[in-house]
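Paired with chain B in one complex and with chain C in the other, chain A is shared by the two complexes that follow.
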Partner chain A sequence: MRITLFLLRRLAGGLALLVVLSMLVFGLLYLSPGSTLQVLMGSRPPSPALVRALNAKYHLNEPVVLQYWHWLEGAVHFNFGVSISVETGEPVTTLILDRVGLSAELALYALIIVVLVGIPLGMLAGTRRGRATDRGISLVSTAAVSAPAYVTSILGLYVFGVALGWFPVYGLGTGFAGRLWHLTLPALTLAALLGAIVVRQTRAAVLDVVSQDYITFARLRGLRRGRILLKYTLRNAAVPVLTSAGILLIIAITAGLFIEQVFSLPGAGTLLLTAVTDKDIPTVQGLAMALGILVVVVNLLVDVGVLILDPRTRFSTKVR
Partner chain B sequence: MTTLAAEPAVAVRRASVRRLPPLTVIISFVVVLIMLVLTVVPGLVEPYNPLYQNLFLSAAGPTHAHWLGTDSNGRDVLSLVIGGTRSALIGPALIAFGTVTLGASLGMAAGFLGGPLDAFVNRLADLLYALPGLLVVIVIVGVVGGGYWLAVLVLLLLSIPGEIRLCRAATSVQVRLPYVEAARTIGLPSRRIIARHIAPNILPTIIATFLLDFVGALLGLAGLAYLGFGTPPGAPSWGALLYAGESLLQQNPWLSIAPAILIIITATSVTLIGDWCYERAVRSGTDR
Partner chain C sequence: MHQRTTVHQRKEKARHPGHRLGAVASASGLLAILALAPATSASASAHGRAQGSGGSTFTWALDDPQSSLDFAVDPEIQGTGMVMSLVTQPLEALSSTNQYTPVLATSVDLPNSTTLVYHIRSGVKFSDGAPLTATDVAWSIMHAVQPSLASATQMPSIASATPTGPLAVTVKLKTPNPVARADIAMTVLVQNAAFAKAHASALGTASAVPIGTGPFKVSSDTASNITLVRSSGYWGKYPPFNSVVFPVITDDNSRELAIRSGSINGSELVDLKDIDQWASIPGVSVYKSPSNSLDLVGFDVAKPPFNDVHVRRAIAYAIQKQALAHAALDNNVSPVSGGLVPDYEVSDVAGSLAAANKFISTLPSYNYSPSAAEAQMKQSAYPHGFSTTVQYIDTVPWELTFVLALQQELKPLGITVTPKPVSFNAWFGDFFSHKLVGLNLLTLANALVNDPSGILTYFVGPQGSYNFAQFQNPVVDNASNVVNSDVSSAQRWAATKVILSQVADQVPYIPLWTEPSPLVLKGYKFTSSSGLTLFQMTTGQWIYDLKPAS
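Right, the complex of A and B next:
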């Protein structure tokens, strides 16, 4: 009961965020210079038929509040209108669905690297506190966390793509192996940034856990190191690491946009940049709402994940 | 407190004053000093006028005359990078100053007074934490079509709620301490308690956030310029050079590498100084 109430509260918070975001996103129409009709026409040749169609679609003759309401009605059904200039006439939803796959592949690839490399490194640093291994890992992760994605990806592109020639510099490759090969350098760049954060979080969480009495007691009972590490340390350290997933997502979205731009990958980030540059407001609105939904869903999943992972939180969920 | 207990504390404090900062921090100070010189008088060290074009030397690699080579218009890369320091530092400095002044005063007021202001500020910060801030700036600056100063303004506005929340949290810890109670008891006005009693006590937080905000703004503005939004008109900028160099990586990689290195060392130096200031202030605070 408490858990349902807690999750409902979180859901309501997420919906509130989406409502506020939708107002801001709708406001973009009015923020851009020129009249709303001009903005929506873009570079298309003005004709009475187009003006009539836009007036009917966006209800431009009605008060702003009603315009927002009509727009929201469409948005709830994932109907954000048609693209003005990126691919004129194409529905925004189709356009986004076409591009989002590549970004998802990149994110998944990076996530696999982060989980396979970042978490073990963080645990290693945490269990060997103060030794050379820990100092080395901490130093590298601090450096990686403070360098922005556009700098690391250009340096990576130059060193591994141009100078050493180990990885392809552009293009997407053909087939699964080719795609994997072409996405490796971008995924490594993204994983370096996210992995650095995960390493630091894991290290801090492990440091906290290994000083607990139950770890000392487990060692006292003569349990094997591997068992203590997996069953006790990892499980307890996982909660704070999982909680940081929401922040990681935000960082990954921004970093992914820069990485797609540097490696000229036609993903959702590049679509947003093209849409912003070409003043394709419906596409920008659609992408912004899609991002908002993604953030809300991931945060909800994190909440549920924490409840599953740590039974104690099921009793201590605060119903404020 | 008895004299006996106070004496070792004084000794520790003297020792901490005499101790030199660690080598990394000294290097960071030197880096920041050099950057400041480049910001104020770039002409002193620029070998050429950064905007002078020599079309016979388009995208050439390093030579004795041009240490870092030239860009596609034959402009000297070293001079361009030096000339870009001003736009790289002035915007972030303004953003950090504005964020700290407005954010800290609102945050302390919210933490001290509580009530609806406090609740409103908290909701606002929640909202902004859930959004990728730089993406919001890209969308707004791109759609409105504004330049450098609009980017500075939007980044400033977006970083205020986070600052408010940090200062609010630091203040609400102080408010429960006896010295605030004492100040209230003798009837000091809220404004004076905040300015003269709470502010000095949360100063480490304020200094650390000033430098952190500076680094965030530096990376944000350079990133925007890299994407082609909010570039300063008629002046070189590190982010824009980074972008221009990307298509010339074969011919003259220094056009990208030089600003990349400058961005990294400036950001790292300021972060290290921030950490050091914070630790020092916290240490002298506990010794007092």
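Right, the complex of A and C next:
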């Protein structure tokens, strides 16, 4: 019951955060240089008739508070308006739903690579502290986490797309196999960055866990190495790794933006870039909400995951 | 005031984050390394390659996603124009020498100065099988003049378009307009009116792509690419491709890698300074296509210190155009001197290019001369100089270089220049509302028609929507009205000469150069060594002007 209340409190906090976020995004876009009207008119001279028509259509001559209210009114009914300039006339919800799927596919693909490669490498480095394996893994992960996403993207594109010709340099492909092939290079690029963080987190957590008494006792009891690693080390090291998911999400969103751009993937990242540049307020607002919801939900899931993994946190929740 | 120009078409794209991203990566020197690396044979075998010569698919990368496939909503010639002119066709094709070639209209009658009668080609069908009627043509013209659509600014003189026969459409003008026919040729792409009306709210989106009479129809429109396939029953000769694909590759470096790998056949090149880098790619041809894109310096002549003509002349003498063109744009531009606009834009009213040049050569050209600059400054009210802020658009690469060079060039005159970055939208907002002050740079002012009323009169008089210099006097204002009226060519040329003389004498603007529109091809060549003109891009002619590179 107390855990339910705790989760409800987190949900309410998330909702309040979304409202504040929407106000901030709307206000900042409004205050940024240039006008939406100018974006709509493009590079052509405005005629009074054109200005009147556009103002009326998009409520541009109304006070900013009223403009925000119009948006909020629609948003509570899940109507985020229509795109002003990215795809003129297209409902924002449709636009986002069309794009977010690709970003989710890319993120999932990268996540699978991270889990399958990053966590085992981190554990390997942690259990072989100070040895050549540890140094090698640490060196590679430091390089991967330090390299800017756009540099690794372009290098990857050149080496594997142009020089070696293993992967396509743009496009989405058709069918499952085609899509998988087209997303492999961007997913690897994203996974390199995220994996490096996971490797370092896992290594640090494993280093902490392997020095605990219960691991020593497990060894003394003659338990198999694999069992100690999976049952004792991995489970106890999982909490700090899991709690880093929030950071990973933010990095994935930021890096994904560059990666989508370089690999010409029309996902949520490229949509956000275009919408911000073109001052397409309804689209930016819709995307900000979608990303905000994603962050709130992921953080909530992390909380639930930690509660499941570590019984002590359940106890502390009850006490609070 | 007639609105027949666009400003900043190509560099407007440069503000796209993809290009910013590209700039960052370029700055890292990464591409400099890649430019030196040869393409390997392995790259030629990968799946998804664009078909080379003799293939049936042509792949042209777009550097910006299209906001709409309705040309009236997004009348950007190098984007929507290139794509949709293969699907929806104009009534006539206009050439750079103001010649008209029939397309959907077989002929045009001009019974009086405010009436045009279009005679529509018979037997033409839309890709959905419906016959082309006068109703479709009339609707398409009136659609393009809807005030809320961007195309409307290009056709301000159209009052009405009505079917006056099964294959005749009569267009009435509000006032006589010497380039109304050209406006319609360059702006209206005819589409199926019944379909458009039935999908009014979604027209131009992927769910309601306009239906046209062209050799292709849109088979798919996604955020990643637009695919055209042959339309059965096309009335004319098919281009030599079964399909045309337009992938959207917004990042400059990615586009360069795509052409290196052979994944695309061609693309526009956004930054003129990248021309050499692209030209070094094996098998790639770079075309500096001619354009009317004018770059210039303008002064607010209504306020001090630039209300002093000697200050303006001093600055004109102090600017080393040639050196600046080299530093800022690698000399990939054509200088404009002696007049405000390139000679070919006034050649039609002058009677010939030679006649235009003969007059322009008599105008003062303010070639670089430090001593003349100094002498003019001494005659001004500011013999010891002054301080001023010069804005530059932060996403237009050449402007910053130019302003920094200007800062050094004006130092000896005692003029202290402080550069100030400004966003594209903010600058153009001030530009159109005539709120710019001091000295300003204008980039890529395009004329859609080679006529003095195409752009020249935009820069002068109270009605001039580009007149950010606030340059007006009774002589110029009267001449501007004559140029924009339906009088004889001789009268219009005489008025044009008055404007050019006034501008050359009073120096409200310093014309710098016209920028080409660079295009890149791999596996193909254009039939003309100079590439494509805007006129070919907006009529669908460009696809016929391709030939295999071999």
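Throughout what follows, the second predicted complex is superposed on the first by the 272 of 320 C-alpha atoms of A that agree within 3 Å, B and C clash if a C-alpha of one lies under 4 Å from a C-alpha of the other, contacts with A are read in each partner's own complex, and residues count from 1 in each chain.
Methods note: a residue touches a chain if its C-beta (ideal position, glycine included) is under 8 Å from a C-beta of that chain, and two chains touch if they have at least 3 such contacts.
This one's a predicted model, so the numbers in the text were calculated from it and none came from an experiment.
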item	value
Which of chain B and chain C A:Val295 touches, first, second, both or neither	first
First (chain B), second (chain C), both or neither touched by A:Val151	both
Touching partner for A:Leu28 - first (chain B), second (chain C), both, neither	first
Which of chain B and chain C A:Val20 touches, first, second, both or neither	first
Which of chain B and chain C A:Lys279 touches, first, second, both or neither	both
Partner chain(s) touched by A:Gln261 [first = chain B, second = chain C, both, neither]	both
Touched partner set for A:Ser211, first chain B, second chain C, both or neither	neither
Of chain C and chain B, partner touching more chain A residues	C
Which of chain B and chain C A:Glu90 touches, first, second, both or neither	second
Which superposed partner A:Val162 touches (first chain B, second chain C, both, neither)	both
Chain A residues contacted in one complex by chain B, in the other by chain C	32-33, 150-151, 154-155, 157-158, 161-163, 258, 261-262, 273, 276-277, 279
Parts of chain B lying in touch with chain A, wherever the complex brings them together	126-127, 130-135, 138-140, 142-145, 215, 219, 222-223, 226-229, 239, 242, 245-246, 249-250, 253, 256-257, 260, 263-264, 267-268, 271
Interfacial residue positions of chain A with respect to chain C in the complex	32-35, 37-39, 41-47, 49-50, 52-54, 57, 83, 85-90, 98-99, 150-151, 154-155, 157-158, 161-173, 258, 261-266, 270-271, 273-274, 276-279
Residues on chain A engaged by chain B in the complex (per definition of touch)	13, 17, 20-21, 28, 31-33, 143, 146-148, 150-151, 154-155, 157-158, 161-163, 246, 250-251, 253-254, 257-258, 261-262, 272-273, 276-277, 279, 281, 284, 288, 291-292, 295-296, 299
Contact set on chain C toward chain A in their complex	3, 5-9, 12, 15-18, 21, 24-25, 28, 30-31, 34, 37, 39-40, 42-48, 61, 65, 67-68, 73-76, 146-148, 150, 152-154, 156, 201-206, 222-225, 247-251, 253-254, 257-258, 260-261, 263-264, 422-426, 428-429, 432, 458, 465-466
